[in-house]
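My questions all concern the structure below.
Chains here go by letter, A, B, C and D, matching the order in which they are written, and residues are numbered from 1 within each.
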Amino acid sequence: MSFLPFAVAAWLLLVGLYGVVTSRHLVHLILCLGIVQASTYLLLLAIGYLHAGRAPIFVGITVGTPAVDPVVQALTLTDVVVEATVSALLLAIALQVDRRFGTVDPDAIRELRG
Amino acid sequence: MTTPLLGLVLAVPMLGAALLAGTQPLRRRLLAEAIALAAAAGATVLCGLVLRLAIRRGELVYWFGGWRPHHGVAVGIAFAVDPLGAGLATFSGLLTIAALVFAWRHFDSVGHAFPALVLVFMAALIGFCLSGDLFDMFVFFELMTVVAIALTAYRSDQRSPLQGALNFGICNAIGGFLVLFGIALLYGRTGALNLAQIGVALRGAPHHGGALVVVAFGLIASGFFVKAAIIPFHFWLADAYTSAPTPVCILFAGVMSEMGLYGLARVYWTVFAGPLGADAGTIRPMLVVIGSVTALGGGVMCVLQHLPKRLLAFATIGSMGLFLIGFGLLDAGALAGVAVYVVADGLVKAGLFVCVGILQHRRADAGSLRVRGLGRGLRFTGLLFAVGALGMTATPGFGTFLGRSLIETAASSRPGYGWVPYVMSGAEVLIGGSVLAAWARIFLGWGPDDGDERAGESAEEGDELEVTSERTPAVLFVPALMLVAGGIATGVLPGVGRLAVSAAARFIDTAGYAGAVLGGHVAAVHPPRPAGPSIEEILVGLGLTGLTALFGLGVVAPRRLPFGPPAVRTFSRGVARRLHELHSGHPGDDVAWLVTGAAVVCGALVLALG
Amino acid sequence: MTTLQAAVLIVVAASGTAVALTRDPTRQVILTGLFGLVLAVLFFVFQAPDVALSQIVVGSVALPAMVLLTLRELRRRAAERERGE
Amino acid sequence: MRTWLFLVAAAVLAAVLVDGLAGLPSFGHFHGVDGLTLDHVTVRQRHATDVITAINFDYRGLDTMGEEFILFASSVGLVVLLREQRSDRRQDARDGPAPPGGDARDPLLALVGRWGVAPIIVLGIYIVTHGQLTPGGGFQGGVILASALITLLVTSGGRGPRTIGRHGALEALEALGAGGYVAIGVAGIIAGLQFLSNFLPLGTAGALLSSGTITSLSTVVGLEVAGAIALIVAEFVEQGADSGTAR
């Protein structure tokens, strides 16, 4: 049971990759990348969790109260915002692909080969 | 040791980029160029000064925000700089300057965005080289990826840059996630992100820390292999490098791919050498074999290419294989060889890219498939290209030769690795021969008409402007000349080999690094004095160059491939077709291969060590 | 682990799988917003309110908005292409 | 073939991952040395009650600078990508009728938009500036501010090309945010300390103007995030806005 969070993280990683590999639509593909991304957040936060630990915000609780790990939260927090803009960049490329190729199906985008 | 200079190396290019984006230099192009060049030059000089200090005094450690470690716990981020890292940072700076100068005449109009992005890219490269913190390395790694996507897609009015950028973005994003998974595992075990601190926490762990450490190593290695374009993680690279603007290719092929291996080497020697050091005998053959496959595979793909930029892209993959062999031998001598090889190869390859740029500048048609004879009449450019091609062949006199001989010496002195020099020579003959053949086709007009060779290839190499101009501008020719000359300088300047060996000895000193970062004591290193290449080695090197020329000019250029009895011919034609088909440019295929690679690397490590 | 955490984890796994397996982009965007929201709830029960706040504003508002705008433009162009033919 | 290759590889990878993940401390029993240290020292050292914000904007402030520039680079890159597309669009659209979004120029709507965003802006500023005390900070508040900016852009009449000038302002805003972070870092050096060292008085823990540079850095990140996200969304909106009439 205590393995569940880690198992869910691994599952999201793999199912997201499955979506990427089998995707027929670039927007779909980019959203699947987001699932893979989410798996890393989940893993980090699950690692840092402490039973009965409080959030590491010492308002109303005294220093020394057991708290969950603040470092993983700091790492995740910035990543959440930043990766959204990276997805935006990829979406913009998808829009351009549609303009130049007339499709967003990866199977039909064949310009460079060999 | 510390130095305030380290606080500024990132600030200079980043402030430059913000300034460019914020003011859009009043829409004056010259001003934008000047700001970009000044920032790049300033940062490069700072890196150079840091390098000089690091060579003299050993590791330099800079704690951002002043958060020094207490009792071995580092809550802050440090730059921990040794000569190898500082050298790579300086080298990145030099190539950035070359790219900016080159871009000046390459585009009709550059705008403020291009130099701003290049400066951010530079900051990412420098930060990645100098950082002593695992997650901080990851941040700079991601920054590198994002800027590179934007730069690849810069000429978004054409098709191939879009496809290149897309595949690049998808594969490298996934590579980043694999690295992050590995980092999370290490953090879960040690509660630390500082490389030295993790290394100390894992040192002496029973049974090399168990499967967790092995899997973390596998995931981090796989993620970095994506950036380094190690087979089978490499499929995105040719698409991206073929279609990126040529000035950007200098940076991509010259340093970005190398960063993947640098990152792996850094993490290995600071974190994993402790727990996995006893198993080096198991890890070494794996890395060397993967490197050999990549070197030879990249070489074979080179032979099959028609377009100069795509050829150089596959040459990069081949070189990355050679570098991985050198790193994989896991000793100071071979690593020193890699360091020299990386710099010399990067310079020469950058020079070749500039030559292609000149070709594009002078001959509007350079983007098309008809490259045969395109360079006729461009005598100086042709000469330079030929010299560069010899550099790619590791001809004695070039730094590439010095690097190769250091790696080969290390390999031959290790029992069971006597075959490595043959693999390396084979790969170099394939790569160098293809580049020489391209030279003969472009500048001498050799070989059959390209028109009937379209089979399996439909790429337009188009990025660039379509003006045919009468003269080669000095801002294009001079950088090319200096880059190629630099490739020779690294081979003939006295002391390069000695410097590289002592830098590499410091780089692989795991305990010394930890002591410098966490304790502030710089350890002394006593590197072996490398013997320069012997007469015999030089003669063999010359022989190899001759063989390469024979192969390139006699076989590849006139398209005598495939040769042999009919059965062999049919077979090798089939293989070539399959190889072309394999590089489908389909993101799903690329990712499927990437996952396969990760499964093989991690699976093999777990089976052997877990 | 509390039952609440386990339950939210399972919902996260299920909705993430649904996002990856839904082929129709418009439906997928709605699911993505939902997934983002569930993920934020999970972060809350993992005692990470900062990350949850970040996730709510980005994962279930900003990103789906960008994707919807992209899809609208793609659809408009597809319709345009059809008319052109 | 592709799917099969992937499925086999994924099965292997799954086994390997489970093997590795099993080596982690079991869920809920993590006592990481860095985290424990920070939980104990942050309030005393930095007079900040939200440890996460203190990590982001002080202990690991360099990471945040890198992340900020990821944001910066993706928005600059995105503008290059989409502008090129729009500029050839505009050639076609120039003689066409005014783009849709005409309803947006309804004066009442503009008024509502202008007043309606006021509370959002207040909320955004609150979250940006209270990051050191309670959950929030420049990243979250910045996104909220961005939504206010977008509402303003849309409701005050997106007359296609005219909004380009406003985009210039957004670009300047985000460049200010990105450059400002670096400048505060350099100010630490000028004050005789390290890059990104705190050089301001720390104030009282729990007070608004506490925690020295944490608040300043959080604010510039707020600017950067607001500018970048608003710019990105505005570019996406304009894709539709001025191409609505094209062809």
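Basically, contacts are C-beta pairs under 8 Å (C-beta built on N, C-alpha and C of every residue); 3 or more make two chains touch, one makes a residue touch a chain.
All of these numbers come straight from a predicted model, not from anything done at the bench.
Here A-B and B-D were compared by C-beta pairs in contact; the pair with more is B-D. In this assembly, the C-alpha centroid of subunit A lies 28 Å from the C-alpha centroid of subunit B.
Work out the mean CA point of subunit B and of subunit D, and you get 32 Å between them. Note on chain placement: the centre of subunit B and the centre of subunit C lie 37 Å apart, centres being C-alpha means. Each chain gets one centre point, the mean of its Cα atoms, and the points for subunit A and subunit D are 17 Å apart. Multi-chain contact residues of subunit C (touching two or more other chains): 1, 49-51, 54, 58, 62, 66, 70, 73.
Residue positions of subunit D touching 2 or more other chains, listed in rising order: 2-3, 6, 10, 13, 17, 21-22, 24-25, 27-28, 30-32, 34-35, 38, 50, 52, 60, 63, 67, 70, 74, 77-78, 81, 85, 135, 137, 139-140, 143, 229, 232, 236, 239. Residue positions 2, 4-5, 13, 17-18, 21-22, 39, 46-47, 49-50, 55-57, 67-69, 71-73, 75, 77, 80-82, 84, 86, 88-89, 91, 93-96, 99 of subunit A each touch two or more of the other chains.
Interchain contacts (touch definition given at top) occur between A-B, A-C, A-D, B-D, C-D.
Note for the complex: subunit D touches subunit C at residues 27-28, 50, 52-53, 127, 135-137, 139-140, 143-144, 146-147, 229, 232-233, 236-237, 239-240, 243-244, 247. On subunit C, the positions that touch subunit A within their shared complex are 1, 5-6, 9-10, 12-13, 16-17, 19-23, 25, 28-29, 32, 35, 39, 42-43, 46-51, 54-55, 58-59, 62-63, 66-67, 70-71, 73-74, 77, 81. Of all residues in subunit D, only 2-3, 6-7, 10, 13-14, 17-18, 21-22, 24-32, 34-35, 38-40, 42-44, 49-52, 55-56, 60, 63-64, 67, 70-71, 74-75, 77-78, 81-82, 85, 133-135, 137, 139-140, 142-143, 206, 225, 228-229, 232, 235-236, 239 touch subunit A in the complex they form.
The residues of subunit B lying in touch with subunit A in their complex are 135, 142, 146, 149-150, 153, 156-160, 162-166, 169-170, 173-174, 177, 180-181, 184, 187-188, 191, 193, 238-239, 242-243, 304-305, 456-460, 579-581, 583-588, 591-592, 595. Across the interface of their complex, subunit D is touched by residues 4, 6-8, 10-11, 14-15, 17-19, 21-24, 62-67, 73-77, 111, 113-114, 116-117, 120, 123-124, 127, 133, 135-136, 139-140, 142-143, 146-147, 149-151, 153-154, 156-157, 181, 185, 187-193, 209-216, 218-219, 586, 588-589, 591-593, 595-596, 598-600, 602-603, 606, 610 of subunit B.
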